[in-house]
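Two complexes come next, and they have one chain in common, chain A, joined by chain B in the first and chain C in the second.
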Partner chain A sequence: MKYRMYVATVAIGLSLVTGASFAADPILIGYVGDLSGACGPYNDGNLKATRIAVDEINASGGLLGRKVELKVRDSKTNPEEATKQARESIVVDKADILTGPCTSSVLLADAAVAQEHKKLLWNSIGTTHRANIDFGNRYVYQSVANSLMEGRALAEYAATQKSWKRIATIGLDYEWPRQTIEMFKQHLKELRPDVQFVNSVWPKLGESNFGSYIPVLLNDKPDVVFGVMFGSASSNFIRQGKTYGMFERTKVFTYASTYLLKALGNDIPEGVYGWTRSPFYGIKSPAMDSFVAKFKEAHKDFPDDESIAGYDSMMQMAGAIKLAKSLDPAKLVDALAAQEYVGLRGKVSVRKLDINAYAPTFIGVTKKTPAYSFPILTDLVRIDGERVMPSEVEVARMRALAK
Partner chain B sequence: MLFVQIVNGLMEGVMLFMVASGLTLIFGVSRIVNFAHGSFFMLGAFLTYQFAPHILPGTMLGFVLTVIMAGMLTAFVGACFEVIVLRRIYHAEELLQLIVTVGMVMIMRDVVRVVWGMNDLATAIPDAMSGAVNVDSYWFPIYNLGVMGIGLLVVVVLWAVVRFTRVGVLLRAATDDRGMVALLGINQAYIFTGVFASGSLLAGIAGGLAAPLGSINFLLDTTVITGAFLVVVIGGLGSLSGAFAAALAIGVLKAVGVLYFPRAAMVTAFVIMAIVLIVRSFKARG
Partner chain C sequence: MNILVRHPVVAGALAFVASASILVLANDVWLMRLTELLIWILFAASLNFLISFSGMVSFGHAAYFGLGCYGFALSAKAGVPIIVAVMIGPLVATFAAAIYGALCVRLNKIYFAMLTLACAEITYSVIHQWYDLTGGDTGLTQFAPPSLDLGARGFALLVLACCAGGLLVIRLVLNAPLGLVIRSVGENPGRAAALGFSQRQVQWVAFVIAGSLAGVAGTLYSAFQGNAFPDYAGMRFSLAPLVMVILGGLGSFFGPVIGAIVEKGLTGVLSHYVVFWELIMGVVVITVTVYSPHGFWGLIKRVINKGAPRG
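And now, the complex of A and B:
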């Protein structure tokens, strides 16, 4: 019994000694992420990078004289679970600020909880424009291009491809693909009235067999198949597409994040048009080089787009907290918009109207290179948020429609 | 185009049957609703991924041996599960059995995550079966056709075993009246273990055959189990021929649905299930 007392004393003593430099309670970041379920691998890379950022912040003295701590909860790629976990993060863990959602449906669920409890939630993976634009939720910071911006950026790119006249679409049947395809169609029709949309198919989320979708897509002889899906659905679509000769018969334009390219390796053909949000290989800067080196050393792997965005947005938020000298959501939003933040993705400013970053979208073509064991997107075109953000008038109209 | 979709649907249907056959077999004899069936499918896929690079990689023979080995090992794991756990709860209420098999799902998922990680893995289609048969301007992947062939072979073998062998007679007897089989002095324990192992074997082989077609990851279990249950419920719990018909119907209706009602294709299977259940309930009432 005595032995345990000693251990306890030592433990308490140690915690006092090591915690001495941080007098006040830590700033608690509630990381409510989709660690399991379809989003697992994406959140994995995001969380790893967020941890690196938190360690760096603490090494340089924390924020507002307080240490920063992450408390992680698993929302299981499930909106109901997300609502519960986000609530517990705020009520039980006493989180000061939230991050972590991956799928757009989980993001919407988390956003509602953040609003209800008046805590700021920032998002660096999922993309939907409904929370911060349509619903005018003042408690959600969208640090990556939302589905509206992304859909438009992709349309801008597609408009420059003169040979793309007939387009077939395939999207998983849920929030993000629906919104992205809708925005892509709308914008492309404005830019290129000659473009014709042929067949569109909507496999359910979790579909693994695309054998009955691919022939239908190809039946109308499209110039390009535009695909909005992620994770194993994407890789299954590409692998099975090969067996159906899809890449010989049409061009393919799809979401090709670093995670997907790494997972597929040489199974993804060259010449596939792909887009992504923050490719480590596509942004040249000393800050990026040092982050990639650090990530590689810690995890023996290249960082995913979600890692870059996770680190970048954590650092941006840290800057905003310093500037605001507060954790109050309204003050943080002001600070986010006022701050001149230059991060891994370069300068990314924030618009106060919809608390949305002018985040870039990267579009290129898959190609094998000697530098990496997996093909990367080459001839990258970077379309910045400034070009595709909805105007204030549009935002007002969207909000009126949502009411 | 309709013809193309019917063929595509049949290919998917046979694959569905491969998974569902083991499930319905197990239910038919032991009345266990085995949620872990999808987990055995997943295990088969991962084992195929694991063995493929070591057994004559790229060749037909190597691939066949790999899948058989993966299936046998899965069957062994299934047999162990039956002997160690399930055997003790055959007389327990259904809820308890359900909890046990769901527990197995979670255990297997965590084991798979620890051993193989969370990322999507892949294994290649054997060289001889990559490529496609072209009819008109339509392409039919040789591998998918091959899987359909193997699936049909399994159907024939299953049917022959059940119809003509002594094992088959015992199986049918056990499905009908377990007590009677016991009275005849047959050791039920062997039958149950054998059936569970065979069901797991079918799941493992199906997983192995499905492995080169898509990503192998820790979510395969739940991806597969819903479809398998749909087939089993529509086909009549425990009925192999019913499951076969249901699997083909679901596969074809889905593929044709994609062609005509792209937004509603995913609900077709559930609509069939609803109709079948309603009709059955009327029949049951007489």
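And now, the complex of A and C:
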């Protein structure tokens, strides 16, 4: 009996002690990301950087006096799985706030769950504007340029290339390429009525053989082929394009994220026009230098664009939580919009109307340099979100159309 | 125990009340899991009706599930009142089952299975590529209030009612003269034909019943998840109920109930702890088909009957 009393006392004592050291529950971030499947590599870099950010936040005392914890779930680049994991993240793990989606469909699936459970979701990879603009979902923060802004930014750049008169397009058949190409076309026609769009082809998502598409594109003798694709589709398109002499016969303008440049290495020819969202080599600042050094030390690799965006948006969200002194979505949105955030990408402010960051797009030309083992985009042009953000009238029109 | 076996109505009513009370008492986490489970039970039971009793192995049952989803989601999005939209879903599935069924029942066995697969793939492709209507790969979200505005518990009870209703319909059909004809065609089409029954007609009726129940499950699933994706009509959603039927036990009425519980339970637990959980699932399915062809339900029956006198 005495022995039992002793054990009970110790147990109670211990629980009191541990209870005291974690005075408040940690702030739990539900990272529901596409760690496997087509988006795997992008989410990998994003998660690594998010972890670095969380460690830094905790090292400087956490948020609101609470520790920050990351609980990771794999949505497998599959919207149905994403719905399930996002819901479990909120209901089972008790996540306070969500992040991590990559493809547009996963982002939309997560956004619906976030709204249902009234938790804020922030996105730093996918670019669809359906959730935050069309549906007016007040629980989604879009921290990168959406496909509408990106399409316009690319058109602004293309308009300055006087020799680009005939443009052929190729895009994987899903949300992001469709929206981006549509916006690119619309905006470029306004800027340069003399530009003519010739063939467009839509290989399906997951296509790996572009042998039947490239000749069709080249047939019309375009000045430039505008390609919206990612991952293995991009690398196959470029590798197979070389065998068709595509790069000698026309110029190519395509999505060239750091991940792709690293993966292709010298397989990507020089002189390809490419765009990306946050290249570590294209933004010079002490903050960026120190982040790149830290990332290299931890992972023996340069950070991807998704890493920069992941770290940047995590820090921006941390600032907003401090400012709002709350995790309430509406207050966080107010704080995001009020905050003067200067991060790795420089100053990135947030518009309250659609909870969208005025995020930049970077466009340049591939070139080998002595500094890196892979070609990078040089002669970079940075087009800030302020230049291409849809106006309030446009937002209202899109929302009315979506109803 | 004997009373329950002799009076299935009493047993069913007791099971229904017990399930309802569990749902009333369950916390949020379990409410979510049980709701999903109940939808899967209904879906698997509708496929089991085809496989176990009508002698038709379908590899494309997700077509009707998916059409139930999209029928509901698209009509809700178009502004149709929710109460009407939830009925449109199953109707679309029934309609599709009537057309596809007329085509599929012309063939038997593996040819039938391949035709059902082809029909499902056509449905999937149309949903996937008709971008302007279905949003393609992006799917549909935010077309209806979450849980049909009933709250998680209210919705779970609605799902339970639908699931129990579906099982009851299958039971009533099986015990009715129609069911006897369906079963006899399933067991021996030649003899049934000699008795004057048209095989195709009977199989078509069974196919439409199974399709419409899958449509109900699909509509509920879409309302539960708050979205619709082409995947819901795809291969993965055709295979999952098939695995449930096999795990539960071919040829039994309660097989799919047990099968769904086992499959959902295993995937839930395994995928949480093991990366290659699908590998383990595969091994389990192989083991069950080899060592217990009547599945887990067969095992349970064997255990119960062990003590009882034979004959």
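In this section, the second predicted complex is superposed on the first by the 381 of 403 C-alpha atoms of A that agree within 3 Å, B and C clash if a C-alpha of one lies under 4 Å from a C-alpha of the other, contacts with A are read in each partner's own complex, and residues count from 1 in each chain.
Just so we're on the same page, a residue touches a chain if its C-beta (ideal position, glycine included) is under 8 Å from a C-beta of that chain, and two chains touch if they have at least 3 such contacts.
Bear in mind the structure is a predicted one, so any value in this text is a computation, not a measurement.
Contacts of A:128 after superposition: chain C is touched, whereas chain B is not reached.
Using the contact criterion defined above for the overlaid structures, shared-chain residue A:105 touches chain C, although it does not reach chain B.
Residue contacts after overlaying the shared chain place A:354 against neither chain B nor chain C. In the superposed model, A:236 lies in contact with chain B only, and not with chain C.
By the touch criterion stated above, A:40 is placed in contact with chain B alone, chain C being left untouched.
Once the two complexes are overlaid on the shared chain, A:213 sits against chain B while remaining clear of chain C.
Once chain A of one complex is fitted onto chain A of the other, the partner contacts of A:87 are limited to chain C, with no touch recorded for chain B.
By the touch criterion defined above, A:304 reaches neither chain B nor chain C.
After overlaying the two complexes on the shared chain, residue contacts for A:173 are found with chain B and with chain C alike. Shared contact residues of chain A, touching chain B in one structure and chain C in the other: 173. The touching residues of chain C, when paired with chain A in their complex, are 28-29, 32, 129, 131, 135-139, 141-142, 146, 225-227, 229, 231-232.
Taken together, the chain A residues at the contact with chain C in this complex read 78-80, 83, 87-88, 91-92, 104-105, 108-109, 111-113, 115-116, 128, 130-131, 135, 137, 173-175, 178, 205. Across the complex, chain A is touched by residues 1, 4-5, 8-9, 11-12, 15, 118-120, 122, 125, 130-132, 134, 138-139, 141, 143-144, 213-215, 217-220, 223, 251, 254-255, 258-259, 262-263, 265-266 of chain B.
Within the complex formed with chain B, the residues of chain A that make contact are 37-38, 40-41, 44, 173, 199-204, 206-209, 211-213, 215-216, 219, 231-232, 235-236, 239-240, 243-245, 249, 262-264, 267.
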